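Common to both upcoming complexes is chain A, partnered first by chain B, then by chain C.
Our next item is the complex of A and B:
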């Protein structure tokens, strides 16, 4: 479906940036457990891969953004390692939902004239060093500030903190773990067609609900895989992007980091099972000039099966309360009407704090997803659109994608991208 | 029934906003911060009312029971101090007489499976050391309505 909003561009608002910036380069390292590399080394490789993808040299990149939670390396080191002289850089604190938001910041600083092209990276030893699951160094940290209101009662990891939102959704709407397990099933099917995926085995809903319970209603297989990796996205103006070797993924709109009231204690101010997308959708869709019904591929952040479901619901892909039906209907599968996380996402491919889902949708819009399909004499992949195990994962005719980034129930970001005309 | 006997909980550190809450808990009283301008309760305590940004805030005793609003059952814990208690119920409770302020707690004294949305609970106090007493919850002993 072609973006229908071109004629309603109001140049007096921020919407006039619709279609003016693009992702021109993407890069990643392998998704592993045990990288035996520093985050600085991982970051360097990911950025170099993205520069190669964009056909850019050190002199072509003059801006850098990164995000981390005190578990990574800084732009000034990495830029130097790559011979890049920076006109702009910033390293920000954050995990999930940073990707889309930092792309928005990149557009802002380029628009303001600070620099011309921005490389955004996330480098993490998410398995070997700092584990989001809350084991290792995180559990030894002292209890301070607002943490006193949960740590003393045995809440700590992301899954433990989010679980009450998931359970209350089940109570209010009759959502079942069996329905939501289909998120993992779909992503595992997608991952089986992704040579890079850490977990490539196809699973059934029974596999998910029969895996051991971590914290009700989350089973082990409802939780994402912690891995070591770095990822990079290069953002530049649309004209420059059109000179790059690969077709641009054109940025239509971004929302982020949009918050519920009192994001740090979100359940004190509004339904606990409502997520930030409830607010972000009112920025995303008008600025993009399209609605959820126009989207061909979604990238709903899957730290847990439930996070993908809650976001798809609150961004309006289905009615409130019908997320369980939506994710178990087949819509989110390859071959369905609107596949989600065609790489396998955080649940199966690897854990990147959101970058890999934007990289995947960029590849979808290029028509160049790196699956098991043969590469033709022109160097381009000959997609079969046969989604059987070990086959294709390119969505036929993908023209519009939506990424829905998640930090926690109270904070999220989102982005709509389009295939270039 | 969760076995809490081997758990040594992280000790909360009171600060300028939370000290009255902890001082009251030590006396065996649940006190929550209330805006004297708009009447809203809020928890945890802050410098201003998050509803009307008034700074006229006081801690008021909150009696009676509450209802489990949401919960989870922990079967696995990264913080090894809690490993001895799994599975255990961590609950979020809305108090009848402090609408809008939600309190975290554990459901004590009954099997963890008794934690359900909508269950009636009441406050009890768990002494952690000479300084800190933790407000906690058990199923309501008396029948009362919200």
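Our next item is the complex of A and C:
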């Protein structure tokens, strides 16, 4: 194993903010291909939905954070559109693993007194404009400087860049394509119970391994779906969150963009089949005061089937090298011991750079997942816990969730949330 | 002046402020692979950077390094993203452990140098050659000219080396 492992990670980080902040509002647009809207328009839609969810008006939100990769709008525009006067905002460059990290930053700026409530959004036309799969404008951009060392070799898209880690995991541990395909199978089952999901069809492992090869070891169905959407999460102090209409999802701990050594070219530092979660776990679990065995629902980032598996393994949900067994055992399915991405995730619901997985786990902790179950006279969903197609996706008694955000094999973020006591 | 060249239908540019990359690719154009060696650490690094990843020192010198090694992992692309590569599929991007400094300074570290699998005359490898290469294959470096003072390192099967009986390949062909 890696020589510079757990022992050199600082786990002395202050734990005194555990349980002091919460997600009080969540909002989404629809997940579509062909939004026919600007990212500015999508962002205002998602933020307004989150404000409504939190029972807040413009005067209640005074902080804003967003992330993008030169493909979105800015906080000042959408805040102005919504009549929000900001005391703090920051728009950062980032993709996957930004969600959990920005929630950590939101806690920090509220704690420091810069503002009281932060709306975090990600708005993207990931299908209609700047395509997340890397075709179109991104692939045609001029190749300069450090990019020459990869783009000149036809080594550019996320799938192409991550594939050496995925293949090496198969080599090191005997992981099979069929095992990893079960991630897609599980998420497709979950998506079939999600009215919002872009792909709702249930799939088999054979469907995945017989779909066309994009770049080995990735088949088409190992890859996430490109969609147009915006998402928003509102973070505030726990006392304020308790005054909101929905139960708070209480933030227990965050690891923010933890890196492997040599983040510039992480493949220099092996084992390359080990990912950043190996380091982040030593911040996440001590600060949360729980371990992977305590978690009821996971949200392991599924840009690809492999990314979910690698993270579940390196955060300690199974032994190193046993990720293939873990994801194909039924544990990650609804009805299993610890379902992953119950919305269908990026593979099936839509691609949001991580936001939707935190939104889903917030709903799980509220006990109010928006599935196909009937709504009772009190306006609340009457969950059946029947996970057959077109049914329920609420996890019974969900009290603790873990989100595992992925930027690339070398960088990741994570968050543990709890149901309010 | 920036160094620019069209390569496989792509315009590649080394900015005139980018001394590290200019030196790296100039050595390649001269037919000799060079890497920076930190003067304090004595350790080589890839890709070119402005500080030593082990000591943070900025002082370094370019030293010649043998372009030989073993495939550590790879990606076999069947659906190209970049327009320039649409007519190259399938193609291999190899991540090669150089023999030099392998397993140093710690066990799992290596100078892992990327490049495509090419034929000896610098063309993209045909499908039957791709099928003979996997993790463990011994390869050696060649250079493909882009412009004056600018060549890219690539990999060819090392015909003189003892090859593994069956290099590890992804199970589905």
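The rule is short, and it goes like this: the second predicted complex is superposed on the first by the 408 of 421 C-alpha atoms of A that agree within 3 Å, B and C clash if a C-alpha of one lies under 4 Å from a C-alpha of the other, contacts with A are read in each partner's own complex, and residues count from 1 in each chain.
The rule we apply is simple: a residue touches a chain if its C-beta (ideal position, glycine included) is under 8 Å from a C-beta of that chain, and two chains touch if they have at least 3 such contacts.
Everything quoted here is computed from the prediction, not taken from an experiment.
> Put chain B and chain C onto chain A via the superposition and say whether they clash or fit.
Superposition result for chain B and chain C: clash.
> Return first, second, both or neither, reflecting whether A:165 touches chain B, chain C, both chains, or no partner chain.
In the superposed model, A:165 contacts both chain B and chain C.
> State whether A:215 touches chain B only (first), chain C only (second), both chains, or neither.
Both partners, chain B and chain C.
> Does the superposition put A:268 against chain B (first), chain C (second), both, or neither?
both
> Of the partners chain B and chain C, which touch A:153 in the superposed model: first, second, both, neither?
It touches chain B and chain C both.
> Tell me the contact category for A:176 with respect to chain B and chain C: first, second, both or neither.
After superposing on A, A:176 lies in contact with chain C but is clear of chain B.
> So chain A touches chain B in one structure and chain C in the other; where do those two contact lists coincide?
Looking at chain A, the two contact sets intersect at 133-135, 139, 142-146, 148-157, 160, 163-165, 167-168, 171, 212-217, 261-262, 265, 267-269, 272.
> How about chain B: which of its residues touch chain A in the complex?
Residue list for chain B touching chain A: 7, 9-13, 15, 18, 42-44, 50, 69-80, 82, 85, 87-88, 90, 92, 100-102, 104-106, 117-118, 128, 134.
> Applying the document's contact rule, which stretches of chain A touch chain B when the two form their complex?
131, 133-136, 138-139, 142-146, 148-157, 160, 163-165, 167-168, 171, 212-217, 261-262, 265, 267-269, 272
> State the interface residues of chain C toward chain A in the complex, per the touch definition above.
Those residues of chain C that touch chain A are 7, 10-15, 18, 21, 25, 45-47, 49, 53, 72-85, 88, 91, 93, 95, 106-112, 114-116, 135, 152, 168, 170-172.
> Which positions of chain A touch chain C when the two form their complex?
On the chain A side, the touching residues are 2-4, 133-135, 139-140, 142-146, 148-157, 160, 163-165, 167-168, 170-171, 176-177, 209, 212-217, 261-262, 264-265, 267-272.
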